[in-house]
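Every chain is named by a letter (A, B, C and D) in the order it is written, and numbering of its residues begins at 1.
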């Protein structure tokens, strides 16, 4: 057996008394692709942040190639050959692609950064990740999310990693890029590099990894080889209990569709070059999915419906009223109330350093006020109701929402919107980065809401979710709906085919 | 300019500062002249009144014919900007530049340039610590002395020879503040009385002065007199608010202060009002023209102090009970032919606004 | 042919990435040319010298302000540090040439150390830059008043004359290059020395800094601090360096002010005015107050725009009592230019960065 | 109410303690020099609160804006302009005029910051300059009347049951602001917008109107302070607001409000104002020269913020 390249011995880490990792013994071998699995808050990110020098352990030791090491900061870790890719996080938007790729150790001439050498280095690395179309002199802020992740990968490659860490770093990639990344990881594996891979998507893990480690509540539960355990067993290790059917059953809706009036009807919706004539309808009691590759206009569609975008063209009927709301505030207050769970809960969904209570109330001041004043009794009741309904796990409602785990944070966003009792709920990838258990709760909640007569428009980057949750799915490509599927017609095959805008036969 | 011996022209108006004041003579230039006023800070009534006086005086029959171009700029409290403006006017070929210096130092370069180009620079009010330019000012040391003398006299009349006197100082670091304070303390020390002088800093600003005087009263109880360099309205307000008995007060020449003296002098507010006049600008302009005409001029021109004590006040003559508090009462200097009165300048369009 | 096409697209990209700076440059060019056309002695060395002299201090202070702004902060002490170093210099710039040189070095060192202290307070005390420097600015003014309770000072006359004039005068004063008549000096003879000083400092300080990892880190911090940290960039070093350099550049301003006025003045109002003007200059130059984009050269241009605006009052006939109003309106209009971009934003979320 | 030393309350407690320290130091000084302890007299304290009310009201308005992560540099000349226009109009309309000026300036600031998205630091600075220009032009051109009206004199100077009316005005403003912040949707929206504007907007808060509202409150507060100050000095004059900008910012920050917005309690601002006012007064009583005063100011601000606890480091 090869010697471990990185080894944890009894590593513990606490945050203000909260246990993030405790007594972790963990090894990872060179030439492997190693998946780290666990619920939200299991300690995965903490584990790799320690390896990457971002955090220092409170107890225990870290060994690299058999020698004890201690990294004072990310640079020290990089120097030792540990390269970490965080989700969207380590690129500087206002610097050029070339600057970013050679960010901390650029080629120099006479002690100064050599711009030309830097550009050619960037060109080489971009070619390696098959992103020749990216201009090394462009600013990162000008790139799309998927291009940014590829630049991030190029940057990581350029640092000659011995250990490469991907913490949910592939979430926005296109199918072609994913294939490139798979290829690259394979190459690196052959070159003896250890890759650590964190993802909440089982199919990615299955396709890529050879070794799997499961964490739960800050403890290392078990490490095993791929194929040793079934998916069901793995999930049980992760959440500590059995999971039953992932998705709640769909009610039978055949025949209903034609009889009820749509609550939302959109024809020829256009916005800039992102939306190119979208037709869509949504009825009460229905969950309609938005499918397609990332960046095909799904987010823009949701934002447009919620009144965030200006100069949107097309015919819209919402609850019989013509026209789009002019702002989220009007969308929320209209006769047909709308709610949007945005893409990034940390910057768009929540005021992270405000309390859970304040975050819950932020959309419903009108409802809990008497005249201009907030009625504390009613506010407290609403908060209690919201927390109970979604079973949000909190200490006190006055704690900052920042202290919650990702899944619970997402529940706060949902609870906030449920307080206004919306008629239409727009969901933008609500389960991204959320563990299996919580995902299930959200699926169940969605179905409950639909059964209460609400209409749900649901964008997800995960096909399985669309198949499991939706009554109908509209697949977007290039800002248009290219395919509409419903009922049993929604299959992975058909979704993938539609996403790539090719006929089902070809897929 | 050439250094010559006196006496200078028109000594009633252009009085030399002291017996050993030097005299300058520039080569006579044919008129009419281009004159610029380079002000520093703008944003208080004094400066506004000064600018209006300058503009009005440029239209005065005695000067109008002699000036072909007249410009006023304000540069803010920014030394390089003021120096730059002066240099710019020299470059533009102006004949004389009248200025209130933002700093008593630092003009060496523009003085050198002005001399090279035969341009007359006349600082007034905030003058320079140099004897290389012709300057116009009131004697600050003497002002301080007169304030203190008056105060000591009034106290003597009341039979008071000891006690706490409150001295309100101006902007820290300013030479005017320094000179006035020296004058005041010189006289107090020499007066033989047993005075305890309490100093507070009022920055010549009514609001600040009022606040610090109120504080001082709260802490020290009663004063036998107040000698204030500026912000005199604030002194009076603070005394009034604290129900402090009226005592002799020496101060500036704001209309409000004089109104207060006139009103309360019988109750004991025996006041003296001497002030730095915005009308100084007119004398400085006149001096500049005179110098350009080739007359012999004193290097430092002393403008008589416009004194008014409580027994000399007369409504409509040296104060105006129906006009705003803020403007400065003293504006005219008859010996110099400067006859623009304060109200004339500051209320010229009063009718228009009602 | 390929060469030329890439070059034009390079220019296009530069323009799109530096729109603010380009607009500032254009605005300055128009304002300055018009001023010279209107000025009776426009396009002459004397006018250039005067303009340069007036601009140096604010230019240095604006450059100083740029660095803290780039990291997404603000330095409210730059004006005060300029004032402090101005007072220090007014005590030290006298005596033999060697003593003067030493004095100048000590002056710059004072400002640099003060900036370093600011940096340490911000980094190790973890206090927001704007508040930390509001406080240290008061300290700097206090020190300046201690050093120079009243204005004055004793700066070497020759030095003052030589450095506030043209290159020819410099040579003439110190008698090198045949007293300014040497053939090789001719082409430069009419250039104002103050202009050269600013350019020299910009070139030997700013340009290398811009092309160092520390400089890059400064931009990265303003753009995305978390990402900069995760990328292994030296955050603390860069922050301290930014404030230290700000102190150094402010000291350059103070030093020049002392040379220009051959005196020192602990003027609180002037210090405040310079700080606020430096922020205005930074914004006019197209640097974002949010950090991450812009640069010291842009601020230099911003400072020049600010100055040129006030030049106009001297050549146009404007009621002196309306001047402050006009000045304010022009400033407000100029800083509002960037708003046109905002009004064109189609996705409201892009407004909240 | 229970006082727990949470991060939020610590500045308030520390600043209150420091207020005590200032009073003790000042009293020690007066005892040693004059043998009396006037600082502890009710009269002195009431007077400090009276003169502190101008700053207090400015700071209350400033806090609204700082909670949003913005700043209002136009306070000095908003105050002055409101006061000068009010006295120029005179009579019963004086105070409504002053408030009107405050509202207009606030609207202008708000529009510039919320709609045009110009950084408040620079936009309000420009507005301040414009207001100064307007006042210079107005004084120069129209020689406006500057006398305080009887109501202004009453508000600033008279006492009601022995308490200066100015303090009552300040108390009224404080109650309104504190209620606004803690008990109304607007107040909560203010915190939300200051904490993260994008998220607040997507939550259906009309963030632009919140921003405009905060600036209007700030303008109105400055105008009220202008009215009181006019009454106190019996007249309005150029530059009367100059002394309030930096102390107002310092008071808000010393009271624990986060300069980048989102966090802070109004009680803190109250304590901050009292701290600054007393510090000023005691230094003046000690006849501390300007140099020492400035150094002490700086040291106090830095020292207190260090005691309050350092900000979090940005690591992710």
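In the analysis below, a residue touches a chain if its C-beta (ideal position, glycine included) is under 8 Å from a C-beta of that chain, and two chains touch if they have at least 3 such contacts.
From a predicted model like this one, the values you see are computed outputs, not experimental measurements.
Enquirer: Looking at CA centres, what chain is most distant from chain D?
Expert: Chain A.
Enquirer: Between chain A and chain B, tell me the centre distance in angstrom, where each centre is the average of that chain's C-alpha atoms.
Expert: 72
Enquirer: Where the centres are mean C-alpha positions, what is the separation of chain A from chain D, in Å?
Expert: 44
Enquirer: How many angstrom lie between the centres of chain B and chain D, each centre taken as the mean Cα position?
Expert: 34
Enquirer: Going by the contact rule already set, what residues in chain C reach two or more other chains?
Expert: Within chain C, the residues that touch at least two other chains are 145, 149, 226, 229-230, 321, 323-324, 348-349.
Enquirer: Where in chain B do residues touch at least two different other chains?
Expert: 42-43, 48, 51-52, 172-173
Enquirer: Two or more other chains in contact with one residue: find those residues in chain A.
Expert: Those would be 54, 86, 89, 308, 327, 348.
Enquirer: Taking the top-of-page definition of touch, could you list the pairs of chains it picks out?
Expert: Touching chain pairs, listed by label, come out as A-C, A-D, B-C, B-D, C-D.
Enquirer: Under the definition above, what is the set of chain D residues touching chain C in their complex?
Expert: That would be residues 73, 112, 115-119, 121-123, 125-134, 136-137, 140-141, 196-198, 201-202, 246, 249-250, 253, 258-260, 289-302, 305-306, 310-316 of chain D.
Enquirer: Where on chain D is chain B touching in the complex?
Expert: Going by the criterion above, the answer is residues 30, 34, 38-39, 41, 43-44, 47, 51, 88, 132, 135-136, 139-147, 157, 229, 232-235, 237-240, 242-243, 281, 284-285, 287, 289-290.
Enquirer: Where on chain D is chain A touching in the complex?
Expert: Going by the criterion above, the answer is residues 179, 183-186, 188-189, 191-192, 195-196, 198-206, 262-263, 315-316.
Enquirer: Could you pull out which chain C residues touch chain D in their complex?
Expert: Residue positions touching the partner: 74, 121, 125-128, 130-132, 134-139, 141-146, 149, 225-226, 229-230, 268, 276, 279-280, 283, 289-290, 321-329, 331-332, 335-336, 338-339, 342-343, 348-349, 351-352.
Enquirer: Considering the complex alone, what residue numbers of chain B touch chain D?
Expert: For chain B paired with chain D, touching residues are 42-45, 48, 51-52, 172-173, 198-201, 205-208, 210-212, 214-216, 218-221, 233-234, 237, 241, 256, 324-327, 346-350, 352-353.
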